[in-house]
Amino acid sequence: MALGREFVADWIARSAQAISEHRSELITLDREIGDGDHGENMDRGFTAVAVKSGDLPADATPADVLKVVATTLISTVGGASGPLYGTAFLKGSQAVADRAELDGAAIVAFLTAARDGIVLRGKAEVGDKTMIDAWTPAVDAAAAAQAEGRSEAEILAAAADAAQSGAESTDPLVARKGRASYLGERAIGHRDPGSVSTTLILRAAADAAAAA
Amino acid sequence: MALGREFVADWIARSAQAISEHRSELITLDREIGDGDHGENMDRGFTAVAVKSGDLPADATPADVLKVVATTLISTVGGASGPLYGTAFLKGSQAVADRAELDGAAIVAFLTAARDGIVLRGKAEVGDKTMIDAWTPAVDAAAAAQAEGRSEAEILAAAADAAQSGAESTDPLVARKGRASYLGERAIGHRDPGSVSTTLILRAAADAAAAA
Amino acid sequence: MSVGLVIVSHSSKIAEGVVELAGQMADGVTIVAAGGTDEGGIGTSFDKVGAAIEAAETGDGVVVLCDLGSAILTTETALDFLDDTARERVAIADAPIVEGAVAAAVAARTGGDRAAVLAAAASANGDA
Amino acid sequence: MSVGLVIVSHSSKIAEGVVELAGQMADGVTIVAAGGTDEGGIGTSFDKVGAAIEAAETGDGVVVLCDLGSAILTTETALDFLDDTARERVAIADAPIVEGAVAAAVAARTGGDRAAVLAAAASANGDA
């Protein structure tokens, strides 16, 4: 069952909720190896997204909604994650611009374009201890699940699971991008906050798809 | 006739007067190749010096007065010229610390130590388009006049004349120290403001010595 | 006319202070602060950066000075939203924000074009 | 305890902004602003710098970040007026003021000694 605009709306609502619930966890993680604002930044961003995306006309496509997510995150987050997630949703929305509904291929196209947007913007590679360490395994897992002919909900669940493992994989790393790179070896043993927020957002997508 | 504390007091008063009279000239020069505050900086500094040096006890030596000049300039000027002139007067005062009066040799010792202090602090050489382009010829001329057995007033007049020529010699130079160094070739054709204030101060010394 | 400068800092105080400091040596150069988040907190604002770039364009292009990496990310994103002609006239300096801005401002004041202003800013690298 | 930082800028806004920005990543590190002249104008103040160095010394020494050359001159002069033991515990970083202060603050927070903090600050050179 392909996913339409209601799915996107539910995904946003669940993302906003999850980010809000994990706000202090994200703050604590970012305080360890950053400036301590990731929870606040993301909560401000997704609260604004929830409001803005509600204003869209009834005939808005998934891509229209995803573009509003992008521009709102860019305008409101105030930290590195704003341009990064913003670019992700922008490139992702462009990749599915022509679809009224998102099938498995479209979901993989969205995720791939989103990840590529983050790389284009932030120049991080897997292993640099950034949100890319969650996104890239998520894209790969989604592509594999789609190739196996799984449902949209299964594809997104595979992405979320892989993002979760990816986030965990950042624990032993030294950061090569973002503020945590100032810490050198001292970043070892701490999880990258952006990889955790990525996992929350992809898990929200999987949950919204399962409920659709 | 060796010069005592009254000479130093008169020198300060004449310096403060000359700086105040040339305040806008110094500002204009500094606006061309710097940030435009040299006249204000020096006027604030010497106004404070005139006040502070008046507070000294009756038995203060020339060196005591010169030390107050130093610390006052350091505390009040607010630009590069503060630490530079401050260090000059400090090192100069130390060079004549044991004298109740300044003879020709003491004057040369003062000027030499003052110049060395500026070099120690600011690392400029002759030709870098700084106040050193006035100080070093002044020291050399003073030493030559003293070696020829000239009077204190003649020694200081020789120093002031040489400083004047030294200041003029900065016109065609590219600056290698201080703010004017940002300008590259664009500094050519402009006189270094610090070399002009140095000339004013040494001319004030010569005039005070002539009147003593 | 001269190249305009935009100062993108996480702190509105830093951005405003740099405008003051660099402006002292650059009479007539348009230098615009884009510091802090929309709420005035520590962070960067896409809207402030976009508006500052527009305000700094007086006909000879714009050079942007940034403090930390995320200021660069925000600025690059703002550039993505410009149309091609406007974007081509803006460049981000590879330079420390304070020292680079002073050098860039002097270069702009003395009539340097965008490449000269960028080079002046970059010359402040490694020479604090 | 950790190495303390002093931020010597020609602008009180820059100095205060750097304290805020670097402080965000350096809970518990003493970072003291010494910006502007005594009257609050653009310039540096010997008295502010001296007082800031004293305030930043919490037992592990002090690293000073400066903006332009004249800030370094003022700081060096302030150091000349310290007694030898106090002076030996203070060093001026060869680093851009904003980027260097953030790197230095993180190094101080993670327990770096004065040499490590100086090296962290210097690592911000040429990498804005």
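The first chain written gets the first letter, and so on, giving A, B, C and D; residue counts start at 1 in each chain.
Everything that follows uses one rule, which is that contacts are C-beta pairs under 8 Å (C-beta built on N, C-alpha and C of every residue); 3 or more make two chains touch, one makes a residue touch a chain.
Please read these numbers as outputs of a predicted model, since none were measured by experiment.
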Between chain A and chain D, centroid-to-centroid distance (C-alpha), Å: 39
Distance between the centres, which are taken as Cα means, of chain D and chain C, whole angstrom: 24
Chain centre separation in whole Å, for chain B relative to chain A (CA means): 65
Interface hub residues of chain D, defined as touching at least two other chains: 24, 42, 68, 102
Of all residues in chain B, the ones touching two or more other chains: 35, 37, 179
Chain contact topology (line, ring, star, complete or other): other
Chain pairs that touch, as defined at the top of this document: A-C, A-D, B-C, B-D, C-D
Residues on chain C engaged by chain A in the complex (per definition of touch): 37-38, 41-47, 68-70, 73-74, 76-77, 80
Chain D-facing residues of chain C, complex: 9-18, 20-21, 24, 35, 42, 66-68, 93-100, 102, 124-126, 128
For the chain A and chain D complex, residues of the former touching the latter: 31, 34-37, 179, 182-183, 186
Of chain A, residues touching chain C in the complex: 35, 37, 41, 74-76, 78-80, 82-84, 86-87, 121-122, 177-179
Residue ranges of chain D in contact with chain A within the complex: 24-25, 27, 102-103, 106-107, 110, 120
